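Working notes for the structure below.
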Amino acid sequence: MTFPAPLTGVVPPVCTPLTPEGEVDVGSLLRLVDHLVAGGVHGLFVLGTASEAAFLTDRQRRQVVEAVAGHVGAGLPVLAGAVDMTTARVLDQVAAVAAAGARAVVVTAPFYAAVRPAEVARHYRRVAAASPVPVLAYDIPAAVRTKLPAALVLELAGEGVLAGLKDSSGELDGFREVAAGVRADSRTAGFSVLTGSERLVDVALTLGADGAVPGLANVDPHGFVRLYRLARAGDAQGARAEQERLCALFTLTRTGGPGPAAPGALKAALHLRGIIDCPATAGPQLPLTEREVAHVRDHLAAAGLL
Amino acid sequence: MTFPAPLTGVVPPVCTPLTPEGEVDVGSLLRLVDHLVAGGVHGLFVLGTASEAAFLTDRQRRQVVEAVAGHVGAGLPVLAGAVDMTTARVLDQVAAVAAAGARAVVVTAPFYAAVRPAEVARHYRRVAAASPVPVLAYDIPAAVRTKLPAALVLELAGEGVLAGLKDSSGELDGFREVAAGVRADSRTAGFSVLTGSERLVDVALTLGADGAVPGLANVDPHGFVRLYRLARAGDAQGARAEQERLCALFTLTRTGGPGPAAPGALKAALHLRGIIDCPATAGPQLPLTEREVAHVRDHLAAAGLL
Amino acid sequence: MTFPAPLTGVVPPVCTPLTPEGEVDVGSLLRLVDHLVAGGVHGLFVLGTASEAAFLTDRQRRQVVEAVAGHVGAGLPVLAGAVDMTTARVLDQVAAVAAAGARAVVVTAPFYAAVRPAEVARHYRRVAAASPVPVLAYDIPAAVRTKLPAALVLELAGEGVLAGLKDSSGELDGFREVAAGVRADSRTAGFSVLTGSERLVDVALTLGADGAVPGLANVDPHGFVRLYRLARAGDAQGARAEQERLCALFTLTRTGGPGPAAPGALKAALHLRGIIDCPATAGPQLPLTEREVAHVRDHLAAAGLL
Amino acid sequence: MTFPAPLTGVVPPVCTPLTPEGEVDVGSLLRLVDHLVAGGVHGLFVLGTASEAAFLTDRQRRQVVEAVAGHVGAGLPVLAGAVDMTTARVLDQVAAVAAAGARAVVVTAPFYAAVRPAEVARHYRRVAAASPVPVLAYDIPAAVRTKLPAALVLELAGEGVLAGLKDSSGELDGFREVAAGVRADSRTAGFSVLTGSERLVDVALTLGADGAVPGLANVDPHGFVRLYRLARAGDAQGARAEQERLCALFTLTRTGGPGPAAPGALKAALHLRGIIDCPATAGPQLPLTEREVAHVRDHLAAAGLL
């Protein structure tokens, strides 16, 4: 049950359904996983941003990983976010999610504490040295305020510190530099280049991405899997059309949060589609207004997903 | 052993001495506490930014609170940071530090996750509702990217949600607005207005602050206590002279980190003064270079603190 | 008619009244100047942020300086902003405003173009070398994104490049460092330390400021002059009371713009007080709504200024 | 001599060669233009960021437009930046560059002054209403701090306010939204969608861009024209290979400035290639060090451009 090198395909960041009381709704979570597996996804990423990892307690995080990893078994690779501020705290998270069944961890640069570039590199080296499972870098400057430079990612990839990159930076030129650099260096064979830019998956695959981690794939896994297959089959035109359809669907997320792709809209859509029991997000996030829910419903209807 | 309302005086954010292996050095920690108590401080703030809270594991955080609270007993109020990303995680931290002996908790706005202003208010209301001890707001936009507006602090103070403010924003006009607002509203009697701007303590006291939380007080508690007493005695001239002496000393912190007041310089100074055994900071922070240590030593010598 | 060294007292950034068609209303401008002179101010700063300098054409800028400098003659020092992106463009502005009668110029760091710290220093050295009148640094990171470090200001002051500082950064610890540094260095005698933080004038004077440049002094010059005199007379209590009164009045500016102290609210107040004919701001700024005007009127009424 | 609707192809932002004294070197400028024309470019953009527009005086700006427009005559469309802070000042720039021969103007959102979203829209509406030539929006948040939302660009395109977009934001998902929106709306036929992301030209063309404005095309116009033709011919593989060659060449710009693509490196390359007489950049920019020049030379040599 080793981790694929590289990991390819569609790897949704799995939403975390909650009960009205704010506890993990394991039944809904496993129904969501079944829905994703039925959609043909190639892996599952739990405890990412779309999973509200920042809002879940350590107990709840463990519960999520155990439930999902136990449910899919060896069938699909399960990656888990190990989201915490600095090295030692991240390592506690890594130990917990690995013990709970995660086959790889996804780790951001330090946050809250101000750190210098050399300290970011040191962070990844230390995490990787102590992790029982492969470590992927999570480049998410909107959350942590540090952009991982392409040169650093390539250096750590070449050393074997990093097994992959999940790029949620939105900066496609740096992403291209990583993809091209990985291709050019025999030491980085097997390194997984994954994009989190769900509106640019076709483009990212053209640039050399191995796969995508699209939050919207919770709602429409079939669409992203179709897009992936079209792109892999060399049908650029078809991939682009599917991507543009998904871009239109993506506008359903422009509600219910401080930015696009906020978990609230994804959960509202999953609830409206009957996949999860309750659309609640974790506190202190405000619930969607009726008007916001109607906005989501309209987009689902327009996409034929209701 | 109720929490003072308001808390007044000098309340240092206590550094967390570590062993060369990165574990909490309890012996050094208690020597540091004794040094602060001998300096006349009025309270202790553990697990703040200068304490490297973001770098300590939950186990280490508990160890720090237990050691310090157990050591000072009822003698001095001990506040603890409950630094985590969002409400439920913060409440886990609150429960842990309160159980370990903290008499109040200091809580930031949510971070890592993007939140809207109404969600920040909701966060504090929920934390306060479930906390067994008083909650102070920790306004530290450099770390969390949200500035707490004066109007919000005053609203939450008036409702009894917040017991105080530790302002590390550096924005003195908002601080003045809070201090003036607290003074003007009978519902906020007992609210603690504390500044983290160690180079503006004299000014903050003039504006109505109850006390200060200066990182540099680890190194020179006597100086800050002197400054506090001069200001309270109405000797503006004397307070200003003492403050300017401390501003000069503060330049020792301009080394060993990404910004001023990085823990590395404070720990180097405590080590050079013989108060703690080892100047190590937590990973992934780089140790100070020899040149940086010399810079710290020169400033201590100039201040007569060696 | 040399420039005072240092310039002391209250130096309002003079609003630029416009006609409904968007041209400079010279009659209203001179009435405003007379109102400020009657209030006892010690100098006039034209073409600053509160003057909407960024919105005026070169022709209008020249018109403003000529009108004001011609009107006050040798009676009061007139400083003018020379606001443009980089060195050569700033020097064109300097030449124009000096020819039009400005006795000193106020110059920001480069903006729009990204520059490195050494290039900021080079900018000021070149501007000062070619300017026929003294150059004050305008520290306004909110507009130009570069904070002038205290050490750089002191270095340029010591070299005679800068004749003063107008600090609109809101960062009082750096301001204190400049004020203390100027006091400590015989080479910087005559350097003018001016604060733009209108809610902290009493504090800034305590820290060693020579004067203040408060936008709100357009509306209530008498108040700021009273505050200045109380502070200079050593009446800290009285100065603080006057400052807090002005802080309350300042809330009238929380309307009509993207931030506090937007020109629209100041102009509405001047119009309501009968000092200027038309409250229009320059395009593309939106006019105040009726509700916003009512907000300004309420604050003026509460302050007895109607 | 109307402006093409849409403008297609490679439209380099033309560098502005200077004499050692800092004046426009018209001879070198026209040699550079000839070099670009010989490379097959489809238009010329003067007074953009790579042209150091922010550093040139009004007199120099006029000189550049007159020289270039006079030189190419009706042969090639010449666009000019009208870079200034706000509406009235921009309109002065528009009048000047249009009189000097520019056939379209490129206009940013307001900067220096803080403005609200509705004021950005108002700015473009007023500029377009008074401009004698078509107006393209210049989306460059790194310089002006405002990102133009795709919805706003599409709204202004639909109204006929904007004739095109030059996107230097680096955010490809918004760019895709504009390109798709323009395609879907009959009112926006003829709207020019241009990318300034020189490392993503192949991708941008795939997404529907009409053309590119690559700073590096100063150095290697033939390469970008080749890339454009390959992409237009549907040879995605060939376009990608050419783009990746240009990405490698692009690393020559990682020197001599605060960020990549700084004018200093482009000018050093043009000087080393013998196209311009002097590599000087405008003050206060520091000249490249010898080591930085060597870095540029190495990259040119590796690309066979020496």
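First chain written, first letter: the chains are A, B, C and D, and each begins at residue 1.
As a convention for this text, a contact is a pair of C-beta atoms (placed from the backbone, for glycine too) under 8 Å apart; a residue touches a chain by one contact, two chains touch by 3 or more.
Just so we're on the same page, UniProt names per chain: A, B, C, D = Dihydrodipicolinate synthase family protein.
Source: prediction; values computed, not measured.
Undergrad: From the C-alpha centre of subunit C to that of subunit D, how far is it in Å?
TA: Roughly 36 Å separates the two chain centres.
Undergrad: Between subunit B and subunit D, what's the gap in Å when you average each chain's C-alpha atoms?
TA: That pair's centroid distance is 49 Å.
Undergrad: Note the residues in subunit C that touch 2 or more other chains, in rising order.
TA: Within subunit C, no residue touches at least two other chains.
Undergrad: Please categorise the chain-chain contact pattern as a line, ring, star, complete graph or other.
TA: ring
Undergrad: Identify every two-chain combination in which the chains touch.
TA: A-B, A-D, B-C, C-D
Undergrad: Could you list, by residue number, the parts of subunit A that touch subunit B in their complex?
TA: Contact set of subunit A toward subunit B: 22, 49, 52, 54-58, 60, 83, 85-89, 92, 110-116, 118-120, 122-123, 126, 142-145, 257-259, 262, 282-286.
Undergrad: Which residues of subunit C touch subunit B once you look at their complex with the stated criterion?
TA: Within the complex, subunit C contacts subunit B at residues 170-173, 176-177, 180, 197, 199-200, 203, 206-207, 236, 240, 244, 247.
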